[in-house]
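One chain, chain A, links the two complexes that follow: it is found with chain B in the first and with chain C in the second.
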Partner chain A sequence: MAGQFERMDTENGTGGSASPDTFGRSDEEAEETVTMTPRELLTKLHTAWMNERLAPDLLPPQIEEIECMLELLRNMEVNTAKLEKKDIRLGVHKMEVDRIRYLISSYLRIRLAKIQEYCWDLQTKENTRNSQAPSLMSPEEQKFLKEYIENLESHLKNMGTQHMPRTMQALQPQTMSTSSNLDSFLFLRVSQDSSIIVDDADGREEEVSLEAGSQHIIRYRPVAKLVPSGSVDLV
Partner chain B sequence: MSLTADELDFIAQEEEVEIMPKFDIPTMWLITGDVGPFEVGIPIKVPLWIALQLRGDNKCNIITPYWLTKSSMEKVKEFETKSPLFSKMPSRHYMSVAKLIFELCPEDVPEADDIKLLVKDVWNARMSKLQAAIALFIEKGASWAKVDNLTQMEMCAIRPFFPHSLEHLHRFRKTIQAARLHSAGNASLEVRRQLPK
Partner chain C sequence: MSGMYGEIALELIKELDRHKGKLPPFQENELRQALDEMQILFEQNQRDVSMNIPGNPEFLAALHLRHAALERNKQCILAYLYTRLKVITDLRWDHGPVIPAEVRANMTEQEVQFFANYNKTLANYMGSLGENHGLDLTQDLKPPKTLMVEIRVLQDYGEFELEDGTSVLLKKDSVHFLPMSQCEALVQQKIVEVVQKQKSLHQK
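Entry: the complex of A and B
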């Protein structure tokens, strides 16, 4: 995975004590891969975390980026292990690794919380999804969703419905299901000029142009598509 | 949904500040980017989280950001109180950065007490402006608004209450509209399309 992202600087590691090819890649891979420095990768994850944190619905997962970053972190930890205990650099490196780990775990936890909350809705979406279209969840998250629903159903059955009269035993997910509230209002910062159609409650439509760098408070529905594409960032 | 105070601090710690190192080490290759080389007495730009960590170990002094001085905060305050719009703050996280520096090392900032008051004044001026803007927004029944130069912490101060209220207003209006269509004897199909899902 790490090979998909190229580290721009040739030297790396901890103050030169690391081997130079830690983040290296083979030449065959280079041709078709995305070039991204660790800093760009981190910025991307940071944005993804912020968006996921503030958006009401589940956004497309950034699995590749996360695996890449975990790889970088593992390398960093191996390299810092060589440093002496009282070296000033050790604390800084450790802090950085901790900060990025927090970012990643927070990101993943938010996603799991959303999957739990909207489990039935996501399951329906997943089942009706075009096989060509990418899933909203990583394979692990899909597994989590499946197990969560199974456990939830068996729990409801064991604790509740089996004690009910026979005619009332069936579980009806559609009556319990909640879906993300796309009508919630949120703050966003525009990173690429774009224009959207905003409809108000009376059905009137208005075209709003979003200039790069400006900030708005707006309903989520009209801008929902712009968030995963990176044209706007939630703040 | 809103951010917690800790998350805001976490984000603000990405801001860059200058420090005066008390040690010599060559450039460090961090994932965040390269930092260094550190030389005793030579000021250098680092992310705030590094500055705070090194300052905590007494390995450096933090050089007060150019805007966190008495004269420059006074100018910011004057501008903010005179301008009808939100003025652009010298740092996107001015409140968090000031708070973090004052918490850890108020002795690094000359006239810290005066500056603290000024920062608070600026915050208050902006918050009252924000409240007036919100009142206007709701009165007009607008469906969106531009909030340039509003900082993240200020957004969080009115979150989740304000966005939530807007959402409720939106729902009420939709319901009224649907009821109006219904009483006007429109086709039931039309009404169903208008009702909130």
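Entry: the complex of A and C
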């Protein structure tokens, strides 16, 4: 599904942007982010982007990181504007800015694509969410979802249900709603020792420990909770 | 109306299947017929219910059959409408905010309205990013591999100003070497095309 938005090759085309060398120069620009250097921030975003791209469901938003990186990008653009046109650093910087912007745009696009695809399911989750639990969407994404569903439903009503016999006029989203396939298989790399409960074919439950550094092919469902926590990364 | 219940609604679904990911002309007639069929089925059921002697199994079977047909028609009609809308949202990403005329001709007024609303929703969202500085997500669709790209102009465009203040004259069939990030929108609108670097056949 994400394919509709992501016209990209399957290999990690921006892999280079995670390499810290090309970004190292702007360390001084980010002193206000006390806890994280731009390098760490970029690595974090890169992981978030990979996870979001590979996970079948919507992951918790990394909205602060995105906002922070966008601000860095604006600073970088201001700085590069000061450089002379012939300066060799200009091209390198511009390329880096383009790459990071791609990373962020792609990340947010994948999320929008998921929000659209699973709109009713996400709306239900949002409405039944415990008020203390964090939302799966940023406030802006929630607004997007709300407007999208309104638009969608009003169209379906005007063109369809409104012209149906009166007992059939209710629009029942649950009959059209799709939700993520949590049983799809994925590759993952373990970054922190963890353990999961896996159902085997006979319906028995089995605890499997995941060692840091190991790689697995596994069904998404048992590890779904580990992905947002950063214990495992999808690859 | 002829044939079995639900046949026309099925036609709508088949039509979707034949044109996966594309937007063929809106089947207004078929949609109307499927809706009319629902109305007729509904009235027959109403009549039967009012005349029905409770517990008569013959009536009951007919009632159930018609009700199933009603539900099926509803599902097919909604699937038809919904799937078209999904294609329409993709248009925004593939072609930008203006629908190409040939696609526009296949859309209903309401679908155009849906597109406009979607456009607005998306624009609101994109504008809110980066502390309201905005980020155009419909750009940077491909991972950047090169900084500059060679493009050929497909239609006269006139002056095109680059970020650094210089401007180039985009004249039909002229070829330019421009920053990749700035000509993506032009490519989407089919004003320019990227010149593919083709390796010569004789090259080893």
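Definition applied: the second predicted complex is superposed on the first by the 200 of 235 C-alpha atoms of A that agree within 3 Å, B and C clash if a C-alpha of one lies under 4 Å from a C-alpha of the other, contacts with A are read in each partner's own complex, and residues count from 1 in each chain.
Just so we're on the same page, contacts are C-beta pairs under 8 Å (C-beta built on N, C-alpha and C of every residue); 3 or more make two chains touch, one makes a residue touch a chain.
Here the structure is a predicted model, which is why all the values come from computation and not from measurement.
*Asks:* With everything superposed onto chain A, say whether chain B and chain C fit together or clash.
*Replies:* Verdict on chain A: chain B and chain C fit.
*Asks:* If we overlay the two complexes on their shared chain A, which of chain B and chain C does A:Leu186 touch? Say first, second, both or neither.
*Replies:* After superposing on A, A:Leu186 lies in contact with chain B but is clear of chain C.
*Asks:* What is the contact status of A:Met95 with respect to chain B (first) and chain C (second): first, second, both, or neither?
*Replies:* In the superposition, A:Met95 contacts both chain B and chain C.
*Asks:* Now for A:Met164: first (chain B), second (chain C), both, or neither, which partner does it touch?
*Replies:* Second partner only, chain C.
*Asks:* Let me test your reading of the model: by the given contact rule, A:Val208 touches which partner, first (chain B), second (chain C), both or neither?
*Replies:* first
*Asks:* Taking the superposition as given, does A:Lys82 touch the first partner, chain B, the second, chain C, both, or neither?
*Replies:* After superposition on chain A, A:Lys82 lies in contact with neither partner.
*Asks:* Quick check on the superposed pair: does A:Arg53 touch chain B, chain C, both, or neither? Answer first, second, both or neither.
*Replies:* In the superposition, A:Arg53 touches chain B alone.
*Asks:* Check the superposed model and tell me the shortest C-alpha distance between chain B and chain C, rounded to whole Å.
*Replies:* Distance of closest C-alpha approach: 6 Å.
*Asks:* Could you give the residue numbers on chain A that contact chain B in one complex and chain C in the other?
*Replies:* In chain A, residues 9, 13-14, 91, 95, 99, 102 are touched by chain B and also by chain C.
*Asks:* Which chain A residues qualify as touching chain B in the complex?
*Replies:* 9, 11-16, 18, 38-39, 42, 46, 50, 53-54, 56, 69, 72-73, 76, 88-89, 91-93, 95-96, 99-100, 102, 181, 183-187, 198-203, 206, 208, 214-219, 235
*Asks:* Would you tell me which residues of chain C are touching chain A in their complex?
*Replies:* Per the stated touch rule, the residues are 31, 35, 38-39, 42-43, 70-71, 74-75, 77-79, 81-82, 85-86, 89-90, 93, 108, 110-111, 113-114, 117-118, 120-122, 124-125, 128-131, 133, 135-137, 139-145, 147, 164, 179-181.
*Asks:* Once bound in the complex, which stretches of chain A touch chain C?
*Replies:* For chain A paired with chain C, touching residues are 4-5, 7-9, 13-14, 66-67, 70-71, 74, 85, 91, 94-95, 98-99, 101-102, 104-106, 108-109, 112, 116, 140-141, 143-144, 147-148, 151-152, 155-156, 158-161, 163-165, 167-168, 171, 175-176.
*Asks:* How about chain B: which of its residues touch chain A in the complex?
*Replies:* Residues in contact with chain A: 1, 3, 7, 10-11, 13-14, 23, 25-35, 49-50, 53-54, 57, 59, 141, 143-150, 152, 155, 159, 162-164, 166-167, 170-174, 176-177, 194, 196.
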